[in-house]
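Input: structures, listed below.
Next, two complexes with subunit A in common: one pairs it with subunit B, the other with subunit C.
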Partner chain A sequence: MYEFLKNLDRRWVFLLMLLSVAVPILLNARFPEKPTGLARAVFNEIEKLNEGDPVLLAFDFDPASEGELGPMATAFVRHCAEKKLKMYFMSLWPVGPRMVEDALDRVVRPDFPDLKYGEDWVQLGYKSGYEAVIKVIVTDLKQLYTTDRFGASIDSIPLMADIQSVQDFSLVINISAGYAGTKEWVQYASTPYPDIILVAGCTGVQAPLLYPYIPEQLPGLLGAIKGAAEYEMLVLDKYGARDENGELDEPGKYFEGIRRMGPQLIAHVLMILLIITGNIIFFIERNREGSS
Partner chain B sequence: MNRDTMTWTIIFAIGLALILIRIVTSGGLFGKAYVKAVPREYAQVAAPGEDENWIDVTSEEALDYDLTQIPADERITWTSYNQTHPIDYANAMAADPNQSVYQFSFWRTFGIWLSAFFTLAIFSFLYKDNPFYKIAESVVVGVSAAYWMVVGFWSVIIPNLFGKIYPESVQSWAMPGLTGESAKQDLWYLIPLILGVMLLWRLAPKGAWIARWPLAFIIGTTAGMRLMGFLHGDFISQIRNSITSIYVKTAQIAADGTPLLDAAGLPVMGFDFWESLRSIIIIIGVLSCLVYFFFSFEHKGIVGKAAKLGIWFLMITFGAAFGFTVMGRIALLAIRLEFLFDDWLWLLDPSGKRLADTVGLLMQSFPMLT
Partner chain C sequence: MKRTVPLIITFLGGVVLIIAYFIPYTQAWGEKAAVFFDVLAAIAFVLGGGNLLKNHLKKVSDRVAGWGYSVICLVAFLVTLTVGLGKIGVNPNTQFSNYAWSGVYDQVGSPFWWLYEYGFKPLTATMFAILAFYVASAAFRAFRAKNFEAILLLGTAFIILLGRTYAGVVLTGFIPDDSAFSGLKLENFTVYIMQVFNTAGNRAIMIGIALGVASTSLKVLLGVDRSYLGSGGD
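Here is the complex of A and B:
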């Protein structure tokens, strides 16, 4: 057994990992989610807002991170739409506007058809320049955004009439997959201008780097798919439709984060077993070398 | 036949066999995309005293105008093809087999199969490097570079550079919506244009040194901006955030979840053990990690012990970062597998897009599996 495990081809590990993710997906395995403080903080920051308050949603991610960030993007847009907030979408990533369109196709267009472009939401689109864009728009948004994503003059959009800079938004929601993203929003928006309230959702790789900003510079953070699942649960608890038995009766698109936690659990158990096995083999080998 | 070739042959044979089984069991009904044809019509209208404007003839705004008076040359019609779910197509065909509103889309179907091919091609690298992986990798790099270039040109160079220098010209051929304050000419933007041309001079056979000037400008401004960002956002703010009370008092909560209030109506404050412990751990963690990176003294005695504690804090941080990274990567694997099982093979249907999913039917047939 020792020799078998010691010389195990890594491709067997890949196959085990594939099965540990694929089987729960096929069996639609779901586990209960209990929201933690950080997810509640994000939820409460949006709940505090009043109908008609302007919210800037910065989608700083691309299809490579869709699996982690797509569910929280859906939940954010739904929460804002349920609260009847005015939504302003922008991106520091070139593919970001496409991710915004995906979220709108999933939430606003089918489930909130009364929300009108230019009156309830607007797509400002992408601007290159990374943190320089944030640095400019925190004081003068219209200097960079002269038109919306579709080429219409920014002055002709009713929703933009009262917006001069990022400081005019009641809340900034950032969904970040890396540079430029939440770190830059903290450094150039919420830190120098404490009136800008920033909450964020980020990939797992980024999350440990952003924890030091909590809570002073970043009141709430959704870390990876786990954070998304917790936030989804909070939104569904408050706004989800229920059947006659009191069970949630919502389409699958609002459960994506919760659904993806099933494979997470099984894959993490496998990962822990592999780490323990690897360590046992290491210590056995060291003992044998020592005794020889 | 060597071992590698045999392994590849077996993998391909199993893959093809599974797809063939899927074709036979589903009657070829998987990996397809459908669209809904939506006719659109816009008419050019003008209210008294206003400029001419295009409006959707089906919108509420159109009720304010007599559209029957608008001639054909002031109308535009076209058909939008919006992606729809297979269940909508199936229902429409059941109601009227000759309907043409819901249609099968060859190109979107081709896109699904292409996505499935590239997903499997990337996965194949886990076995070993191979031509399929190389093709997929090259396509990603090429498409990404081209996409960045085109998006950058249309969303930055045109509106934010040429739109500032030649607003009328840009409005006439590229951005009809460039009007009002945004359409004012600003010749200061000639400076970034000149700097941009100087940067591209690097590609010329002579005078490549000219590119150093705009490069120096970029490096200088970026360094200055980032220095301020880190100084303000990280260095000073993190020091401030680390100065916390180790005896934390928070508002007391009653059993029913409401805040406890005193006779004056103010919240009753009490010692919070967990918040105090959190503050103590933060302070010990910051100090011990700083000691670990303090190399002016030999790590012996109390300094050595503090440094060792710092190593523990660092290791726990790295472990947490690794855990988060694993979670992220598994989520990415999950979405690709969901795509293969859901959009391509139609084995499952979590979003209710189709009439039934294969795995669901299987589970109903064999309830002991659930």
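Here is the complex of A and C:
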């Protein structure tokens, strides 16, 4: 056994990882989520807003991180739609607008068909320049965004009438997979202009780097799929439809974060077992070397 | 000339941005400089495309190892560029139906959308997903409790790995929520580690980086560090 594990072909490890991810997906395993303080903080910042308040949603991610960030994008859009907030979408990543379209296709178009483009939500699209875009739009949004994503003049869009800069938004929600993202929004928006309230959702590797900004510059943060699942739970608890037994009766798309926590649980346990096994081999080897 | 002009532009750009930050009267200067940057960033895409063509065409012409990948890269680049810039298969925007090119380049059903949906999207998602397999393999082979620091790291990793899933809730579910030991519940302990130890360490690193960035920026602005201009002579 020792010899087998010591010379274990890494393809066995790959197979184990494949099974640990595939089996919970196939079995549709779901585990309960207990929201932590940061997820509650994000939820409460949106809950504080009144109907019709303008919210800027910056989708700074791409398909590579959709697995982690897609579910929180869905939950954010649903929460804003349920609260009847005015949604303004933009992106600092070239494929960000497609991520916005995906979220709109999942939430707004099928479940909130009454929301009208230009009156309830608008797609401002992508602008190149990373943090320099933020630096300009915090004081003058129309200097860079002269048209929406579809080429219509920004002045012809009713929703833009009262918006001059990012400071006019009641809340900025950023979903970030890296540069440019939440860190830049903190540095160029919420830090120099403390009236800008920023909450964010980010990938797992980014989260530790953003904790130093909590709570002054960043009141709430959703870290990876775990944060998304907690936030989903809060949104579902408040706005989810229930059947006669009091159970949540919602389509699967609103449980994506919770569903993806299943594979994460098994994969994490596998990682721990692999590390322990690797260390057992290491100590046996060291003892044998010492005794010889 | 080739070096002096970029040095002057860098100096003026940097000084304007610094002044604009500290003197409210000059704030508009900083915004103007940022708009220049945004325009340059858009132009940089053209430069980037040209550079990509140059490098990969050279690899193909020199027949260096793996030149076949360069051919794939060039074909993918040129096809996407042509389809996107030409807005091939895109219907005009209903608001501006008289203008043939008024539709958005990635309109649903268009060839560009097809390339994105069935090429780019699955490929990038696959690349990211493959990480899980390599991380698992690396954890098995490299994560060893060789010394005290490594043991601390391992212990923290276990707590975070378990605390970020339902396993943490199950393993320490026996500790009552309202007891004095509730902080030891894995899900709470994970939050504590992230908010205290991680934040303290990261803040220290961030302050160090900020000081380094300030000193490097000063060297660039004053022309002491000219490495960003490349190695070409005057």
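What we mean here is this: the second predicted complex is superposed on the first by the 292 of 292 C-alpha atoms of A that agree within 3 Å, B and C clash if a C-alpha of one lies under 4 Å from a C-alpha of the other, contacts with A are read in each partner's own complex, and residues count from 1 in each chain.
As a convention for this text, a residue touches a chain if its C-beta (ideal position, glycine included) is under 8 Å from a C-beta of that chain, and two chains touch if they have at least 3 such contacts.
Note that the structure is a prediction, hence the values are computed from the model and not measured.
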Check whether A:V269 is in contact with subunit B, with subunit C, with both or with neither, and answer first, second, both or neither.
-> second
Could you say whether A:T146 touches subunit B, subunit C, both of them, or neither, answering first, second, both or neither?
-> first
First (subunit B), second (subunit C), both or neither: which does A:L248 touch?
-> neither
First (subunit B), second (subunit C), both or neither touched by A:N279 | second
Please indicate which partner A:E66 is in contact with in the superposed arrangement: first for subunit B, second for subunit C, both, or neither.
-> both
A:K34 contacts which: subunit B (first), subunit C (second), both, neither?
-> second
Of the two partner chains, subunit B (first) and subunit C (second), which one does A:I154 touch, if any: first, second, both, or neither?
-> first
Identify the partner contact of A:Y126: answer first if only subunit B is touched, second if only subunit C is, both if each is, neither if none is.
-> first
Which of the two partners, first being subunit B and second being subunit C, lies in contact with A:K135: first, second, both, or neither?
-> both
Do any residues of subunit A touch both subunit B and subunit C, and if so, which are they?
-> 14, 17-18, 21, 64-67, 95, 127-129, 132, 135, 144, 149-152, 207-208, 212, 224, 226, 264, 267-268, 271
Residues of subunit A that touch subunit C when the two form their complex | 8, 10, 13-14, 16-18, 21, 31-34, 36-38, 62-67, 95, 97-98, 127-130, 132-133, 135-136, 139-140, 143-144, 149-152, 207-209, 211-212, 214, 224, 226, 261, 264-265, 267-272, 274-275, 277-279, 282
In their complex, what parts of subunit B are in touch with subunit A?
-> 126-127, 147-148, 151-152, 155-156, 159-160, 163, 174-183, 225-226, 229-230, 232-234, 237-238, 240-241, 317, 320-321, 324-338, 341, 347-348, 350-352, 359, 363, 369-370
If you look only at subunit C, which of its residues touch subunit A in the complex?
-> 27, 30-31, 34-35, 37-38, 41-42, 44-45, 93, 95-96, 102, 104, 106, 116, 120-122, 124-125, 127-129, 132-133, 135-137, 139-146, 154, 157-158, 161-162, 164-167, 169, 187, 191, 194-195, 198-199, 202-203, 206
Interfacial residue positions of subunit A with respect to subunit B in the complex = 11, 14, 17-18, 21-22, 25-28, 64-68, 70, 94-95, 125-129, 131-132, 135, 142, 144, 146-156, 184, 186-188, 191-192, 203-205, 207-208, 212-213, 216-217, 223-226, 251-253, 255, 259-260, 263-264, 267-268, 271
